[in-house]
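Before we start, here is the structure in question, set down as structure tokens.
Naming follows writing order (A, B and C), and every chain is counted from residue 1.
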Amino acid sequence: MIENRLKEIKQKLIEFSLLTEKMIDDSIKGLLQKNSSMLKHIIDTDEPRTNHLEIEIEEMCIETIAQYAPKASYLRTILMILKINNDLERMGDHAVNICESALFLIERPDVKPLIDIPKMAELTIQMLDDSLKAYIEQNAEIAKQVCRRDENVDNLRNQILRELITYMISDPSTIERSLHLLRIAQNLERIADLSTNVCEDVVFMVEGKVIKHHADQ
Amino acid sequence: MEKERKRILKERIFSFGVVFLAFTACIPLFLILGFIIKKGISAINFEFFIHLPKPVGDEGGGISNAIIGTFITVGIAFFIATPISIMAGIFLAENRKGIVPEILRTCIDILSSIPSIVIGIIAYLWIVKPMKTFSALSGGVALAIIMLPVVIKSTEETLAMIPYSLREASFALGVPYYRTILKVIVPAGLSGIVTGILIAISRIAGETAPLLFTAFGNPFMSLKITKPINSLPLVVFNYSTSPYEQWHQIAWGAALVLLMLILTFNLLSRIISRKWKVKF
Amino acid sequence: MESEILKIENFSAGFGNTWILKNITFSVWQNKITAIMGPSGCGKTTLIRCINRMHEFSPGATHSGKILLHGQDIYSINPITVRRKIGMVFQRPNPFPTMSIYDNVLSGFILNGIKMQKQEKDRIVINSLQKAGLWEEVKDNLYRKGTFLSGGQQQRLCIARALAMNPDILLLDEPTSSLDPKSTLLIEQLMEELRQNVTVLIVTHNIAQAARISDYVAFLYLGDLIEYGPSKKIFTAPENKKTEEYLTGKFG
């Protein structure tokens, strides 16, 4: 009864997570390949779909809580699904932000060859992918490991910031483009943070332990 | 500590006293049984059950006609009283409140307290006089009247104990009222009803007074219900008050047979009660 | 599309001068589970006993208003017919103690004098016991009397007995309140499957149970119908303040 319902919701969440991952992946691809139609598709089609999915999953969770008053592991599972649901929607929003800045950038000449941003994107997407794997497999070890990698992404963002500052100081005409590049980096960093949130939630779901707000554990 | 010991002692004495008095109540029963067996056993032999009574002076003789007579009179009472009393019992069990059931219950209580000899006289007036002869039928009727209140009461009590939920279960299946009573309630109470009948039978088997002016007695074997008939209690009454030693012996034997019969019915009713008892 | 199988219209019922139910109106949808919930004394048992016309057996029983089964007022049909179309399972299991399990399932037919071929009887018994989730546990003991069964099994036997009559609606009056948690769970799981064959109307004072199993729920309080609607809505966002108070445990 409740088991079937939880299975249904988990499936929907996996569908949602795959969509989000694709959005982020495609937004960077669109930037690198200068493919504006891909970027527009994300904004016009994918993002509304994520909003719809978020509401749908939220409603299912509320109904399940009202109907079954779940306890213990079922309770943790449902609450964490609600949170992951929320995080996925925010990641979608960040992907949209990336697309908007990408659409601006691909019309104009590059400020610099894009090396760090793709690198950051690769790390971020890897983190997201692993956090979703941790969720599907209910694997707390993978989850904890992902949390440790957040530092790398943060460092990359700081590096990009420093580099872009030098460009902006030396040539003011690059400011607007640099700010958009920075925005993309910020959004990638936020996506990485949200992935660690997902991992903390997975650990709570599986082990009942709270590992939030700890530097590295 | 002294108080404590006194209290325990008092309790022990009390427990002992209760058990002792309980067994004391059984003593008359054992004395009677023992006495009758002792006195009557010498009269019991195969002949006793097969042969008719012989005139005074002759050796031997039996009580075969009395045994048959007891069965016939009790049988007549059974066939008359059973259907009426079961119906009445069902009626009273189904109608716990109301003026008519109350009146009926009062009548039955009064009926059960009428002395059996008076019932015998009534049967004499109703049946013997019009028929101008003593008969097994009149004896059976008298016994039936005695049997009625016993079976009605036990039927009513048995059926009243059946939980209402059983009726509800039947009604909910769309079963009409009369079918519910006949096919659910009565079968569920069968053990109590049968027990009541057996106990009533064992009681009327020993009734003497009503048979004195109805069945009257008969030295010969008779199977006709319109003719006088012999019966075990009549043998005991008539022969024990006679001046002949032989007949006294026969009376003891008859008493023993009667006693055994009654004991058997009692035991049977206990066994049936346990085996057929329905748990809810 | 859902079809309405029972309509209760401005219905009131009571004993003598006291009205227990006051002007109740709602619909029961086919092949759905409708729960009637409320605190003790709210009239839910009275309501359910009116639906299969058992209320009439109580002395001084009165009623007004209509209850329409497939559009026909049940008070205009023979009550025996009504009770064969609307089955009932009671709070305390009450299988017939003098009958075997086999006969108990068929008791609706046996007691009504309806004769059938052995094949037909076997088919009904197997079918009903399977639907009641009892077949596996009793299939080797069909001819024994039902008294050796546990409380939960006896209750499932009563469900099988009611199902054997192929009713349109199955009424259940707090069917699990006298059972242990394991039997309760079994019977709740049963309800979900039963829905496919029959419309279920269940009275319960257990809010969690009503939330778990029902598609629609009616909330009664002191004889009035306070709120009625799909369970998903009532248990998450009820419209009436009294419903909200009841669900959050302020009374009852």
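Methods note: a contact is a pair of C-beta atoms (placed from the backbone, for glycine too) under 8 Å apart; a residue touches a chain by one contact, two chains touch by 3 or more.
Everything numeric in this text was worked out from a predicted model, so none of it was measured.
Taken as a contact graph, the chains are arranged in an open line, each linked only to its neighbours along the path.
Chain centres defined as mean CA positions place C nearest to the mean of all protein CA atoms.
Taking the mean of the C-alpha atoms as each chain's centre, chain B and chain C sit 48 Å apart.
Per-chain CA centroids place chain A at a distance of 94 Å from chain B.
Look at where the CA atoms of chain A average out and do the same for chain C: the two points lie 51 Å apart. Residues of chain B touching chain C in their complex: 163, 165-166, 168-176, 179-180, 183-184, 187-188, 190, 278-280. Remark: chain C residues 52, 54, 57, 80-84, 87-88, 90, 92, 94-98, 107-108, 110-113, 147, 158, 161-162, 165 touch chain B in the complex.
On the side of chain A, the complex with chain C involves touching residues 1, 62-63, 66-69. Within the complex formed with chain A, the residues of chain C that make contact are 188-189, 192, 208, 211-212, 231-232, 235-236.
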